[in-house]
């Protein structure tokens, strides 16, 4: 953390709209984070002895994923599944079925580790473990990455570029995909960023395990559908890239899957909407030869010498 | 907790749809957890001196249960009441009235103890105390069990089988009932599992006692009704077993009971829906001679050597 | 806290429906807790130096109460205002205007102290301070009491009877008012209880001051109106006593007051609904010569020897 | 904190309705708090190393503000942007574009510091730093102030008057703007107060960053729009001043901006509604030569000798 005089160069530039492939005016990606048990175990390792929370998480690969795969097939759509390596080791048949159905299998850490504050060496190990697991289990070398809890470190983009990743999908500063410089040096390499947002995540709508995850409020699928439809239609009008993040252990439940299907039906009605995988969006974005942009880390001003007191 | 190499056998299999009795294509169970004071006392024992929270809990057996019994009789339905032993000792007339009306009285611990991390010896004692209480008070030997807060331990299924229980209703990894092997040994015995889910529980919609229970948000019965109707209809279409969990101290309130009655009316309109007790569903499931499935405990991978840091 | 063998006498009896005055079949009371600053100061005394939270609380007596008085006058209704002594000392003109408009001024502690676990001596002092403040400021000797946060102690009913109170309105074990024995001795005196419920409180719908009060969620008046209307109509059908608890610093805000007015309009459409003060309901209940009932304190069973572990 | 006998002079008077400029009967101000990274950094300084939360905050100046500026231009409206000095230093082009479009740039601290309990000397330094930043970056000397989290100290009004500020917009005790005496001395100077309320803030509806901000619940724009429309229409009927507080990193998201636009469309339909900046409302209020009112600090009564025990 560097302290400066607080007068920073105006290096911040927004990621603007991009052109879409012939015939399309906007894009939409359905993404599924196959966290299964890892998301809970990495929150509280002692939950490994709690059979009910573990069964709640296994609903994802056992029931949610097959239901979602059927739904996607029914609609002729391809989606992106972000899979922790641990999920691949624990549910290899499920992960293989995702790959065999032609969907994208992408990287989502090894054990859904909290990456906030993780040093680069540990994060590199974790990335390599995750790649290895997906290669071993599904024969897939992932081109895309999403951090657990979307917690990217400033060193993560470089780690991804070093490993040949095409894209990351964890940042929240744009409605459109863009080329992200892996650091602030002039000749730094770049990857594609396909941004997300908390309002397009099913976790805050549905997740609850006492003492482990969730606010304690569980929303109706009708409310989630309303909210996501508003955002879908607004992003479609903007020519943006709508990226919905669902968790099969949550959105795989019967009526939530139906809400998702209604959203898909709405997607298909929208003219010029390219419904595709994140990798396809990233490949297209990469083909545009955009100028890489940086997300410069804030510098703490010297004047802010008082200790922030709000908890 | 056993550490392994992270490469686990693919022992996980989903519980698929089952056939239902002649004339039925799906099932629905109304269940009522008669927690009364125990659910709050086991959270904070000092609440025993707080007259208002205690009166809030006693609303369940004093007002909620009679109202629910009337409603069930009006609709000619039988339901399942999961009763802590302590509730039976404190409200014997209420518990007897449930049994006498022909509803199922099932086991819900003795004192709504937190079973997460409870050793098998203590849990066995608790189970025996609960059985004894239901036998003494209502003349009932329960065939079904539901853990407080749905917190089953991996040793619990065996404790249940040892005591002759037909079923448990605390796990969340399926939409359909199944035969659950009591452990992972090839010749282990089995019980029936009738799974539940957090989205079909009235606690997260309605529960609030400051500093004791609830998120602080209290939902409208209209919202709960909407959400549960969505799930009822979706599960009906899937041929699944809808299991709603209500608490008489919550859903026994006037307008919440009316919301429940509207849900019952919707249930009765759905063709082929078998509205019955959990015990009946479990007996039917047991009669199908299904292959028992396991819910294998996760093993922590050796690679996950970093300390999970997320709170 | 007394330990017993867990086998308690079946002393619990519900409070059943009562007859209402000629021409009425149910009752409804609008109650306003004039907490003002005390409710926040008693939560965190250091908030006395935070001008904005203090201004948020003073909205109640300065703006909310006059608006509510106008609305009540417009509809020709009398309501009950539960007033902490401190509020009377700080806003004497407002409190006098409530009394002068013919509304009931009742007791709501002196400083909105947390009474949970408060010893009888301190609670007696607090009651006397509150009585004195209302007498001095508004010339009123209150006949009704409501505990801050509805936290009655088991010794409180006797303290109230000793001071000649007609009723308390803090318990939650019934839909109908009843005669409450001040303790479990056979010849104990009694007061009237007019019960409340958390679902009929505007606090959980609207209250928010960061780090001081509220869950962080702020509901729409449309949602509160829907929820309260459901309960109003259900209680009307049951012949019960609907008691709504609002806080002028919350429900006095413009659109929330309009939601309340729509509820009042609905009340006036319901045939046979007696819209009156809590004191009137209590006087009527007292006139019925009901058998006093007890709310027996739970006894912790000896068998519950394990330490409850849920936080 | 001064203890008194609890008998305070009745110095509290409400701020009543004011006359509006010719042709207008009520007012509405759209305000945007450009917190960007500072609001999160001042909550947890270690978040400076978390790239995703930082990107979430930068969405505000990079994407949200341009979208909002376009929308305001489309409707021919001027709004007020409360800008921390740090945001001006980090996003000078954005802040200049706000000023160049003719909107009001007002003061919102330097680093979104928690001002609760801040001593007057530190707060004065912070105010001066913020003024300097807005002057340097946007060539603007702000006439208005809003405290971070609306946390005004009782000494803040005097600090503002000393620096020539026309108004503050952080208090919550009125529906109408008023003249606020900077302290309780008879001949104290005054500034204008344009009050706000928590129900008219997008933070409680939309904000979420795990472990940093928000309750964990994310509301639909449809719900926020419904709630704000209710309050807009109610305040319009009262001749009051509706002040909506939005954060570009929240309400700048596509469908939330559309909800805001629908609210603007409703505003424009309301007859006699003056849609303008807070500075214009303050200038008009100042021109009315109102009697300054005080917001007297509560004094803790000596009788409240018990330690408040509620957490």
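In this document, chain identifiers A, B, C and D correspond to the written order of the chains, with residue numbering beginning at 1 in each.
To be clear about the criterion, contacts are C-beta pairs under 8 Å (C-beta built on N, C-alpha and C of every residue); 3 or more make two chains touch, one makes a residue touch a chain.
What you see is a predicted model, and the numbers here were worked out from it, not measured in a lab.
In terms of the stated touch criterion, the partners common to chain B and chain D are A, C, listed by label. One copy, chain B, sits rotated relative to the other, chain C; on C-alpha atoms the angle is 90 degrees to the nearest 5.
At the interface between chain C and chain D, two copies of one sequence, fewer than half of the residue numbers in use are shared by both copies. Centroid to centroid, with C-alpha atoms defining each point, chain A and chain B lie 34 Å apart. Averaging Cα coordinates per chain places chain A and chain C 48 Å apart. Residue positions of chain D touching 2 or more other chains, listed in rising order: 116-117, 149, 215-217, 219, 310. By the touch criterion stated above, chain A contacts chain D in their complex at residues 1, 6-8, 10, 12-15, 116-117, 147, 149-154, 156, 170-175, 195, 197-199, 204-205, 214-217, 219, 223, 226-227, 230-231, 233-235, 237-238, 240, 295, 297-298, 300-301, 303-304, 306, 308-310.
Within the complex, the chain C residues that touch chain D are 37, 41-46, 48-52, 54-56, 58-59, 61-63, 66, 85-86, 89-94, 110-111, 113-114, 116-118, 122, 125-126, 129, 133, 149, 206, 208-210, 215-222, 253-259.
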